[in-house]
Each structure stands twice: as C-alpha cells, then as structure tokens.
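I have a structure I would like to understand better, so I am pasting it below and will then ask my questions one at a time.
So that you can tell them apart, the chains are marked A, B, C, D, E and F in the order they are listed, and the count of residues begins at 1 in each.
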Amino acid sequence: MKTLKLPLAALALSALPGLALAQDGPAPGVNPATDTVFILNSLLFLIGGCLVFWMAAGFAMLEAGLVRSKNVTMQLTKNMALFSLAAVFYWLIGYNLMYPLGNWAVDGVLSGVFGPGVLEAVGITADAADDYSYASTGSDFFFQLMFCAATASIVSGTLAERIKLWPFLIFTIILTAVIYPFQASWKWGGGFLDQMGFLDFAGSTVVHSVGGWAALTGALILGPRIGKYKDGKTIPMPGSNLALATLGTFILWMGWFGFNGGSQLAMGSIGDVADISRIFANTNAAAAGGAVAALVLTQLLFRKPDLTMILNGALAGLVAITAEPLTPGLGLSTLIGAIGGVIVVFAVPFLDKLRIDDVVGAIPVHLICGIWGTVAVVLSNPEASLLTQLTGIAVVGVFTVAASAVVWIILRTTLGIRVEEEDEVNGLDMAELGMEAYPEFSPS
Amino acid sequence: MKTLKLPLAALALSALPGLALAQDGPAPGVNPATDTVFILNSLLFLIGGCLVFWMAAGFAMLEAGLVRSKNVTMQLTKNMALFSLAAVFYWLIGYNLMYPLGNWAVDGVLSGVFGPGVLEAVGITADAADDYSYASTGSDFFFQLMFCAATASIVSGTLAERIKLWPFLIFTIILTAVIYPFQASWKWGGGFLDQMGFLDFAGSTVVHSVGGWAALTGALILGPRIGKYKDGKTIPMPGSNLALATLGTFILWMGWFGFNGGSQLAMGSIGDVADISRIFANTNAAAAGGAVAALVLTQLLFRKPDLTMILNGALAGLVAITAEPLTPGLGLSTLIGAIGGVIVVFAVPFLDKLRIDDVVGAIPVHLICGIWGTVAVVLSNPEASLLTQLTGIAVVGVFTVAASAVVWIILRTTLGIRVEEEDEVNGLDMAELGMEAYPEFSPS
Amino acid sequence: MKTLKLPLAALALSALPGLALAQDGPAPGVNPATDTVFILNSLLFLIGGCLVFWMAAGFAMLEAGLVRSKNVTMQLTKNMALFSLAAVFYWLIGYNLMYPLGNWAVDGVLSGVFGPGVLEAVGITADAADDYSYASTGSDFFFQLMFCAATASIVSGTLAERIKLWPFLIFTIILTAVIYPFQASWKWGGGFLDQMGFLDFAGSTVVHSVGGWAALTGALILGPRIGKYKDGKTIPMPGSNLALATLGTFILWMGWFGFNGGSQLAMGSIGDVADISRIFANTNAAAAGGAVAALVLTQLLFRKPDLTMILNGALAGLVAITAEPLTPGLGLSTLIGAIGGVIVVFAVPFLDKLRIDDVVGAIPVHLICGIWGTVAVVLSNPEASLLTQLTGIAVVGVFTVAASAVVWIILRTTLGIRVEEEDEVNGLDMAELGMEAYPEFSPS
Amino acid sequence: MKMIIAAIKPFKLDEVREALTGLGVSGLMVTEIKGFGAQAGHTEIYRGAEYEVNFVPKLKLELVVPADQAEAAVSAIAETARTGKIGDGKIFVLDVEQALRVRTGETNLEAL
Amino acid sequence: MKMIIAAIKPFKLDEVREALTGLGVSGLMVTEIKGFGAQAGHTEIYRGAEYEVNFVPKLKLELVVPADQAEAAVSAIAETARTGKIGDGKIFVLDVEQALRVRTGETNLEAL
Amino acid sequence: MKMIIAAIKPFKLDEVREALTGLGVSGLMVTEIKGFGAQAGHTEIYRGAEYEVNFVPKLKLELVVPADQAEAAVSAIAETARTGKIGDGKIFVLDVEQALRVRTGETNLEAL
C-alpha cells in the first residue's frame, strides 16, 4: 500500500529489466523468474491478509475485555457482524470504488468503476493474469478487504455499551461500502492525494484516522454513557476482563506485521524482502516504544502503572508507525512509537474532560496517533512534505467527519441510535440480545 | 487435497514442461526453477498445516465457551488429549492407510501399506526426494495430520458434558487411526470414490461430514444431557463464556484459509497461486455469508440476533465452501455460505426436536452443511455430477455411521460411555478430573 | 539457529555451487536463482519471527490462567512490559553482543561489537546486502529478538504472585541486554561452545535452560508464596482460569513451529525446506508425546488426569525436542517429548518438596526438559558428544545462575524484590496496580 | 413474618422455585455459596499435591413469608430439594420484624 | 440492634451507600444475588428454544444498626433505591442479639 | 438455636473453619461479599480518572449452632479471624426459631 496498485506494479516490473529475456526460453508461458515474482507477491498478500484478518479477532477481544460484562455479548456480536458485513459490501461496492485503475468518473476523486469485484479465472497463465507484473487479483482483494474491515472495527469500540445494534451495523455498511473506499481511492487508488505527494504507507490516515474520525463523530452525536460524567468528574467503568483485552492487543500487534509488511506490496526482489524485514522490525520497535512509554508515564503520573494504558500505548505505537514503517531506523521507530504512547496517556483523560466517551480509547489510539504518524513521515522520508501531509490529514478528516455526521444524524432521526436508558443500565446483552456472555458468573 | 497426492503431483509437473531443460544447466542436482516449485509447494503445506493446527485451539475455545463452567476443564482436557492422540495414531497407522500411493490391499478400497509414516532423510537433494515434482513428505504429513485431528475435534463438541473421558479418547484413537484415513483413502488416496469422479476439494465430506456422522452416532447412542428435554420442551443450557466461543470461531475462520488454501496442494505456478488467492477470498466470503445469514435470520425469527447462531453460521459457511472453494465466484461463494447459515438456524432447533443433544451445534455445522457443500459443488464445477456427489456422501456416511456405531456400542457395553448421573449433575470437572476451570468464580 | 549466522550462510552458498554462473546472465544485479534463496531465507525468518512473537501472547495467557485472579492484571502487565523492554534492550545492546560476526573482544567469549543493531538500507540490491548469501539483516534481527524475549517470558511465570513489578522488569532488562546475548554468543555467535562442537539447534539450552536457571535462581532468592508450604505439606493454589492456560499452551505450541522451523536458518534449497518439514513434524510429535505421557501418567499416579500437567507436558515435549528437532525420526521425537512429559509430572511435586515455588511449572518445563533435550541430541545426531553436551549445559548453567544471582541479590538489597506480606495476601493487582483483571467477578 | 433460609443443591433450584410459586410465595433471593457440612471432605490432587475439598457449591435461598405460610414453605422446600443423598441441605427459620416494598412503600404483609 | 436486609437494583448501590453513610451507618455487606419476584418472567430464545427468565440480577445489602437508627436507615434505602418501576426491591428488618468487632473485641453497640 | 453471621478477611477462611470444626460445628455457608466499613476508602486511578474504592472483598460466614454453643463459636471466630489490622470484620448473632435437615427431615437441634 506504499502507493496505488498499478503504478507500483509497473515499478516492480521495471526493477527486473533483464528478466524479459527469459521469455524466449523453452517453456512457452512459463517464466520461472517472473513467475516467482508474481507468486511471491501474491503470497505476501495472502499471508499479510491472513494476519490482518486476525486483527478482527484482536479488536473483538480487546473490546470485549474493556466493556462491562453486561455488554460483552453485544460487543462480540457487533465485531462478528461488522467484519462479515464489511466482507460483503466491500466486495459489492467498495473494492471497485477504491481502485478505479485509471477509470475515474471524476478525475482523481471518484472512481468510475461500479459493481462487485471480480477475480481472475481459475488456473490462469501469465497472459490471463490481470496484472502479471504484480500479483493475483484474488490476493489483492483479500488483502485490501481486511483493511476495510479494520477501519470499521475501530468504530465499534468507541461507541460500545450504548449504541443500538442495527443502526451501528447500517453505519458499518456505509462506511465499508462507500466512505472508506471513496477516500482511500484518493491515495491508494491513485487519486488526487496520491498525485500531490501525500504519503501514507500502510494507512495511519487512510485507515486509522478514518476509523477514528467516524468514531469521534459518532461519540459526539451519541453522547456519553449514563453515569460516565458526574459533577464534573469522570467515573471509571472498568473493563470486565483484562486478560481478554491483553490477548486482543497481542493479536493486533501480531496482525500489524501483516498490515504494515504486506503494504510493501511486493516480495519478489531482495530489495523488497529486505524492506519488508525493516518494516517488521520497525513495527515491532514502535509498538514496544509505545508500551514502554505508557508504562513509565503512568507510573510517574499516577504512581501505579495502568495496564489498559500500556495496551493502548502499544497500539498507539503501531498506529504511529503505520504511515511510514520503512524509512526510519529502529531508534526513530521506537521514538515515534513512544511518542504515540505518551499521546495516549494524556489524550485519554483529556477526552474525558471534554466529556467525549470513548470506551476503549480508540480515538487517542487511531485518530490522534494516526495524525501523529502521518506527520512523523517527514522525520525520515525525504519525499514527504509537512504541508502535503497536513493537507492529506485535513482533507480526509473533513470528508470523513462530514460523511459520518450525515449518516449518524439520519440514523438518529430515523431509527434512533441510542438504546433506552433502562436497557443501557441493565446492559445491552439482556435488553437487545437476551443473552449473557457469562451467564453463570455473578450478576453485575 | 483437490485430488489425491500422486496424480496431482504428476499434473503439477506436466504443467511445467519446459523446465526440464534447466536440468542440463551447470549446477548438478540444483535446478532453481523446479526446486522453487518444490520449495513453494512445501511451504504451502507448512503454512497451511500451521493454520490448520491452529484450528485445534479454535475448537477447544469454541467448545470451552459453549459448555457450562462445570465442564470446562473436561472439554479442554479432551481437546488437548484428542489432538495429541491423533498426532500419535495418525502417524502410527493412519497416514499410510490413507495414502497407499498405488499399493492397495483391496483395489481402491483398502491401502496395502501398514505401519508408521516415515519422512525423507535429512538434507535431501532432488534425487532423494520422495516426489521431487510435488513437495517434501514431511510437509505433506504435517498438513494431512492436521486434517485428521480436525475430524476428531468435531466429535468432542457434540458429546460434551456427559461422555466419560477415556472411552471418548479411545474412540478418538480409532477414528484417527482407522475410520478417518480408511474412508479418506477412497477419495484422497486415489481410491474408488476418486476414480468415479467424486469431488471434494478440501473435505466437506471427507473431513467434516465424517466428524459429523461420528458425532451424530455418538449422540444417539449416548443420549441427551440430563434435563435437556423436559415435557416436550428444550431447556437451554447456555454456554459459560461467549467471549471464548467467539475467539474460537475467529481462530477456526483463520485456520480455514490454511485448510482450503493448502488443499490446492501446489503453489509453484502462477495458476496455482492465483487459485489459492481465489480460495482465500471465497472462503472468507462464504464465512461472511453464513454469519450474515444467521444474523438476519435470527433477528427475523427470534426478534433478537443470537450470537451463538451467528458463530455457528460463520462456521457453517466455511464448511459449505470447503468441498469447492475454487470454482465459484465471490457471489456464489457468499451465497453457498449464506445457505449454510440458514441451514444452521433451522437445524439446531430441529435436532432438539428430535431430542438429539448436540452441545455446540457440530452436527448442523459439520454434517448437514458438509453435505450441502458437497452437493453445491455441482453449482460451479462442470466436472461434478450430482449423482456422484450424492453417492460419495452416502458411501462415506453409511461407512462412518456403521463403523462408529460398532465402536460406540462396544465401548458402551465394556467400559461404559456415560458418566454417573450425579457426576453429570455436579459437573465432569470435579467428578472426573477433580479440577475446576474457574475455581474462584462463583460455584455453578 | 543450527549454528552461528556467518558460517551457516557460507555453507548455504556452497550448497548451491552452480548458481554462480547465473551471474553472467543479462540482468545486471538481478539473479533470479540466488535472489530467490535470499528472499526465501528472509521469508522464513519473517514468518518464523512472527510465530515466535506469538509465543509472547502464549506465555501471557498461560501465566494469567495459572495465577490466582487477584494477580492476573500484574501477570499481564509483566508480560506486556517484559516483551517491550526486551525489544528495546536487545536492540540497544543485546543483538551486537550476541553476534560479533568475528569481532571478538575476548576471543570466543565476549563480542567486541557494542551499540545498537543497525539494519540494511532501504531498497538494497545484492551488492548492498549485509550478507547476500544468507538473508536480510532486518529479518534476522526480528527473528533473534523474539528468542531473547521468550527467554525473559520464562522467568515471569515462576516468580509470579509475589515479586515486585519494577525489580522484575530491571532484571528483565539485564537478562535481555546482557545475560542472554552474552552466553548465546558462545554458541550462536560462533564462540567457544560452538567451536567445541556443542549442539543446540533451536535453544533447549541457549534459550530455555537460561530462562529456567534465571527463574530458579530468582525463586530461591525470593522464596515461596505465603501459605504455599505448611507443616511439610504443599497447599495447592489453583490457577484462576484453565481456559486461558490451555489457550496459552496452544499458542506456544503453534509458535514453536516458527521457533524450531525458523532455526533451520535457510529455506532456499529443497534440502532446507525438507528439513524444515521434518522439524515441523518432529516438533509436533514431541509436543503430542509430552501431552500423552502426562495424561497417562497423571491418570495412573493420581487416578485422575491433571490438565495443568498435560499442558506442562506438551510444553515439556516442545522444549525437549528443541535442541535437535531435525535428526530424529517421528518415533524418536515422540519418545523424546514423552520423556519430557514424564519428567514434568515428577519434577513438579519434587520441586514443591524442596519448597521451590514455581507458579506455572517453568523450571520443570524449561530448565529440566531443556537439559534433557540437550542431552537427547546424542540419541540421533552422530556429531554430538555427550561430554560436550554436558559441558555446554554446565557452562551455561553456572554462568546464568551466577549472573542472575548477582543481579537478584543487588535488587533485593537495594529496591527489595518482594511485595509486602499484606499486599501479597490481598493480591498484587490492587496493591501494586490498583486494578483488577476481573473487577466484576466475585471477590477472591 | 418469617425469613426462611435454605441451603440446597444447585440443580434443584427450578424445582424448588416452582413448588414455592405454587404456594403463592412471591419473591426469593438466591445466592451462590460454598457449603461446608457432612458432605465435604473428599481428597483431590492438584499438580501432585493432595488437598481436602472442604466446600461444595450450594445455593442459598432466602424468602420472607407471612408467619402462617412458613410451615408450608419449609415443607415445600424440604420435599422438592430432597434427593436422599448426603448434602441435600438445611432450612432455617428466623423471625422478621418488618418488611417494606421499595417501589410502593407498602409495609409488612402487604410488602410480601 | 437490627439487621436490615435489602434487595435493590444493582445500579443503585452507590446512591444507597452514600445515603446510609450520611446517616452515620458505619458498615455494610453487599452480595450479588439473583432475585425472583414480580419483575421476573420475560421470555427469551436461546438457539431456537424459548425459555422463561425467572431471575434478575440484584444486590443484597445487609447492615446492622442500633435499634433506634433502623427506621431512618430503612427510609434512606427505600427513598434512594426507588425508581417507581417494578423490581425496585424489598427491605426486611430482623432482630440482632449480639454484635462483635473482631479487631478490638468490642461488642454490641460499640461494635457497630 | 442461633445464627452467627460473620464478615471476615478472605484468607482467614481455612483457619476459622478449622477452629469451628474443632468446636464441633457441623456446617457452614460461605458467601463472597464486598464489604464497606472503616477499612474502605482509598483512592485509585483508572485511565487517568481518580475514584474511591469503597468496597473490599470479604467472606461472609453463616452458621446455625445450638444456643449454648453460640458463645464459644463467636469467640473461636473472633480469635482466629483477628489480625489486629483494620477490616478484620464483624460478628452478629441472631435467633433462629426452627431448623430442618432436608435429607432426613430431622428438625431443630438434631438438624444441626
């Protein structure tokens, strides 16, 4: 996801100039060298996509651990459902909206390709490949779909414990079918943000801040949970299961290797695989930096380390490095991540001060650190311009907030988005689903 | 697992005709091109096998989440033990029973190769490879073993909360050593089902329905849990931890990419890797389709979505696409999965009506949707014949039910298979293991 | 990790003699054949490293499940923090200390390279690769880092429920920055243990016994938990969540494929991939052997199978096969693992008899079975000498115990390492962190 | 009014509740407890160490009934909770001086 | 001395505790219970099977107060726990014969 | 007969149980509770927000003993549960009118 699909593919080809001659070898239609490039690129997407898929489980566990037990079934249901709906609607609409492959309805702004994504035929040869110099379409689709679903997962955490199931799912559909792919085409589809030089390697802005903006907009329109703010004070509502939350964080951390590493978009040359290696190492360093920063800072500020902040810190580091996991060294990556961790420790109580109720800390992690990461590209990538980065952040932010606000407000005025007060107090699990996550454990 | 091992390997070779000439290159014994095919094929099995291994954890978590807390330690113990025993006995007996490699004792029916599986020597060259045109034997064994273990995992869920540990484990041994590999040789070992054109890409019938039939037979012989059916009504016995059950489902979903993708059995050509990509995308689409169908249908039928049905729905979609994850498009895959989801929502209460007590819904998911998936091959694969598919389903079903019934009945009349009534009421954990899974949580 | 980095790389190259000629092909700087070797080797490290990373989550879940609920948040915090600190300090100090690449300060004993690890530049070509015949430095660093972190994870389990957070983390820093890499250089950095023919394929001694020795030293200095031994009897303190513990074990089992498989250090030839396949199959067999042995033995000895012992048994099998997962056959691997399982069942109560309080059984699993595995190399590898193996075990043991003891004692006399008695009784979660893992569940 | 406190085997809850409802008992408080009594005392082994299991899971029921209903309620519980095996439980009766329904402020017999 | 036993809705705990502290009540025991009463009885569906939900989560408070404080404590609980909706809970008062503070050995009124 | 209700520190359970068994007490009901009392009240921070921890984990013991054993049982609990630190707990004694053993139907003193 270094850049859009087609140009990169062209680049990959040009990086292997001499290979063409192998074509006049004896096996018609089989060129071991460039075939291998195609295979390895596709393999990168399959492995990477699998890891990013796994992040869906990470979000589910993180969120299930950070809500109160009376809302756990609902949170699990939302995460299962949102991933599945994303899979359906990104295929039906989003994929082609995101990758016009040069066919713009409005140049650089709106894809001219509508309708479901279509894979290559079974058993293709080089001639039949959609893009022989790149990778199989199926692997690309699989990989890209997972990014779209990740965006939606971000929203569910912030709005937990008070939003109605179906309105939330309808928002998810619109987010994954339209909002996410529409803006993503501006960068990764080769649109105007890409053309102006905006850099976002794996999506600090395109994925994370978009999820964060949608979550923030929803949180403002939805309001805080009952009892969260009282007499100017924040009332903690501790998560029901920190073991699950920690598991979720480890899962996300693991999945991020696929998220950032797969965004190299190529593994067929030694340069590419060495770059992917840098990305893996840097991604890990940034997560570690974020966790350590939050550990130390909560000890200093609060006198006791706060595990939930450490988890958020690791994720903050991961989001922060996502816009540029390739060019920084290990030291700078650690630092970029650590600043992410610091941001989170201050941003979580700050949002509370603004009475913006973000149940799992998704806004600090994905939105604020997404912005930080996008800005931080200028620290190591000489091709980045601060102004362009800020422009990209702003354009995506304004669009996502506006689009989300419209959808949220329509949903609020039609179906309503907030559960009944009594249902919220008793928990969404019994009220909306009639099913407790831990029916035998003590009633809450 | 598209077809049996040897023929396919031959096919893979023939697809790369021109590569032979590379042999007269300068490096004696090293042929970069075909070596790479061997490496990539083996790598596919290793990655795929690792993912299918992971499904063992998925089954364990799903089942631990869906039983009552007083039986959780037992369910975990069964899953750990069954996987380990499968590893031992598939190696000792099953692997060679399943892959006669042409040496039949009874032609097309019973392998003539008995005894433990043997791997290639350390540090082989092309000449020493068991099948240079295919993949390393170790990778193949590793991959196939995981399928065998998955079959056994299916049984443990259905029979949970009332079956004695050791009789269950003895059944597992016989299932993994004999029943599964014996019937699997008919298709994947190149036996009579394969010869008659029966198609089962990754095992809707060979794996899932076999596990399902064995589970069904066991459930009939074992009877329902005490108190499950009273005065013609079904008494719900809610699972103790839906977060674990959801985690298990995500794990299984992830592992299925290896299950179906690895069953392409080759990754050394662009056609193969593009096919694997299709399979990944289709597998994901079917799971999503199943989950969405169950979500919508439980909302419509029961007025509230049922998370446990959504989880079953996703798995139903996965089982349904397993017989043919390659040839359908994304739309058809989604549909095949969705029908799986619908099946599950109706089949779960239907089984209850028949007083067949299936604790985790394994029979609807693996057996009924396994049949559905095997039939659905005809929707997209022109080589499939409905009659042949039905024949395969029936042959495997009759054999598995008969063999399982014999084993279950012998076990019942010798060791007994059902725990004492009091032990069942108090929970198997204290009675059979003297160990609670959550000793500090509230007593149940 | 078969042997040190450079010599092996040279070996890998020499194994592909004929490939050199490809260099005079037409594409300057691109050699499909050897490039592919570099790519596949790096890919092995990336996939392997990812799997070993995942083991960090496994340790966290295993330990969180085996401590009492009042200490779960602390155990999670320690595991998150130790991994993150290991990532920082192995980079800052450990990596170069471990891999002198021939630059010794004290020949064969102490690396002469100090300072942070540095990766290759972005977008390298063959000429710019640190070691074109091996793999990318980033992938190597990523892989090696995970081994270092695993060593630290072992310690946290043994010392759980009574050690102060910060002193423990300071020990972790010293362990990962100095103790582990220092001794690891003797074998894997090409130091004197390697030169004398000591064999430890993936680290039964270099990783597992080191973690185990450090844990044992800590346990002796720290003392047992309050109330663990009373009137000459051992008082069980059952783990709070066996589902988590089982999940952790499955995660570790999965991660071990990367741990042992990746230690082949090369995947670019058919010999290497077939060896990796052997390793995967053997690793699985040993784990299964360990689990089955513990299952059967606890049934015989205690009349009821003990799930926590079965989990330890699987891990014991994994540790035991780690010193030599390549040369044994499947039968011997199963046996080596099974003996590990037997060891654990006897060693756990034996340590209790000595009043050495090891909360999760890490000393039996990692230390004792690490020794067993290192000795067992002689059973299948003709190059191994029993005396040399014992020498290696002893040298590493004496060093690690001495170094750890110094650090633990300094920590004890300065900061203190043990929490207040009252805090221990009430649980570390409230006392040291002010945060419960399961705040809504029943008070403990 | 009397408060009846009963320790019963957990799986008997529904049966007992139905019997009590049949008598017109209108409310109940159920608590998960660990019971110690004649039933306790078997030995288990955890990681090789023997220990006594002293407590078994029970449910405690508490219900307040008019004095004249107490006898019938005690009998109903005793009959439905009985399995004849050790550990069936105990029933105790205490005097209650006052009762109040929060929602309405009704007191004593009207509150039940 | 009197023991006041109250079943209340869980989310009312903090309010009730504050009201009681205001009266000078010095201690409290809180238990998570399942309550059965007029509020119970809605139907849910689990995996296609209908069932009655008979029990709802409640908290049980137990506090021992000097006899002359009992009235005030009962009122305080009743007022703060009231939502006016079904299921608000019940309060019972029992007589206590003796009290003892473990730490000091103080007894009866001094022990409270 | 008397019902003794005691709130104690959780880690004291085994000691107290043994002391009671020594006296011939035959049964016990143990409940996990959250206690509010003099001990409560420290401040913690969760995600940057301060809050008071008002409740601490305690165990509640309930046992019914013959009237003449009550004194001894109360003393036994008080002595073994005492640490001398705040939060050691309270013991209350209530009168019990009736007792019944479900298994046998025995009543009152025979039922204990």
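We adopt the following convention: a contact is a pair of C-beta atoms (placed from the backbone, for glycine too) under 8 Å apart; a residue touches a chain by one contact, two chains touch by 3 or more.
Every value quoted in this text rests on a predicted model; they were computed, and no experiment measured them.
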Quiz item: What shortest step count links chain A and chain D in the network of chain contacts?
Solution: 2
Quiz item: Given the two chain pairs B-D and B-E, which is bridged by the higher number of C-beta pairs in contact?
Solution: B-E
Quiz prompt | Distance between the centres, which are taken as Cα means, of chain F and chain A, whole angstrom | solution = 52
Practice problem: Please work out the Cα centroid separation of chain A and chain E, and write it as a whole number of Å. | Solution: 47
Quiz item: So which bits of chain F are touching at least two other chains?
Solution: 31-34, 44-46, 58, 85, 94-95
Quiz prompt | Shared interface positions of chain B, touching two or more other chains | solution = 32, 36, 47, 238, 241, 247, 304, 306, 308, 434-435, 441-442, 444
Quiz item: When you check every pair of chains, which ones turn out to touch?
Solution: A-B, A-C, A-E, A-F, B-C, B-D, B-E, C-D, C-F, D-E, D-F, E-F
Quiz item: For the complex, which residues does chain A have touching chain C?
Solution: 16-19, 21-22, 32-33, 36, 40, 47, 51, 68-69, 238-243, 246-247, 249-251, 253-254, 257, 261, 267-281, 284-285, 287-289, 291-292, 295, 299, 304-308, 310-311, 314, 326-327, 329-331, 334, 441-442, 444
Exercise. Write out the stretch or stretches of chain D touching chain E in their complex.
Key: 1, 3, 14, 17, 26-31, 62, 64, 94-103, 105, 111-112
Quiz prompt | Of all residues in chain F, those that touch chain C in their complex | solution = 10-11, 32-34, 44-46, 53, 56-58, 85
Quiz item: What does chain B use to touch chain C in their complex?
Solution: 25-28, 30, 32, 35-36, 38-39, 42-43, 45-47, 49-50, 53-54, 56-57, 60-61, 64-65, 72-73, 76-77, 79-81, 83-85, 87-88, 91, 116-120, 122-126, 129, 132, 136-142, 145, 165, 241, 244, 247, 432-442
Quiz prompt | chain C residues within the chain F interface of the complex | solution = 227, 422, 425, 430, 434-435, 442-444
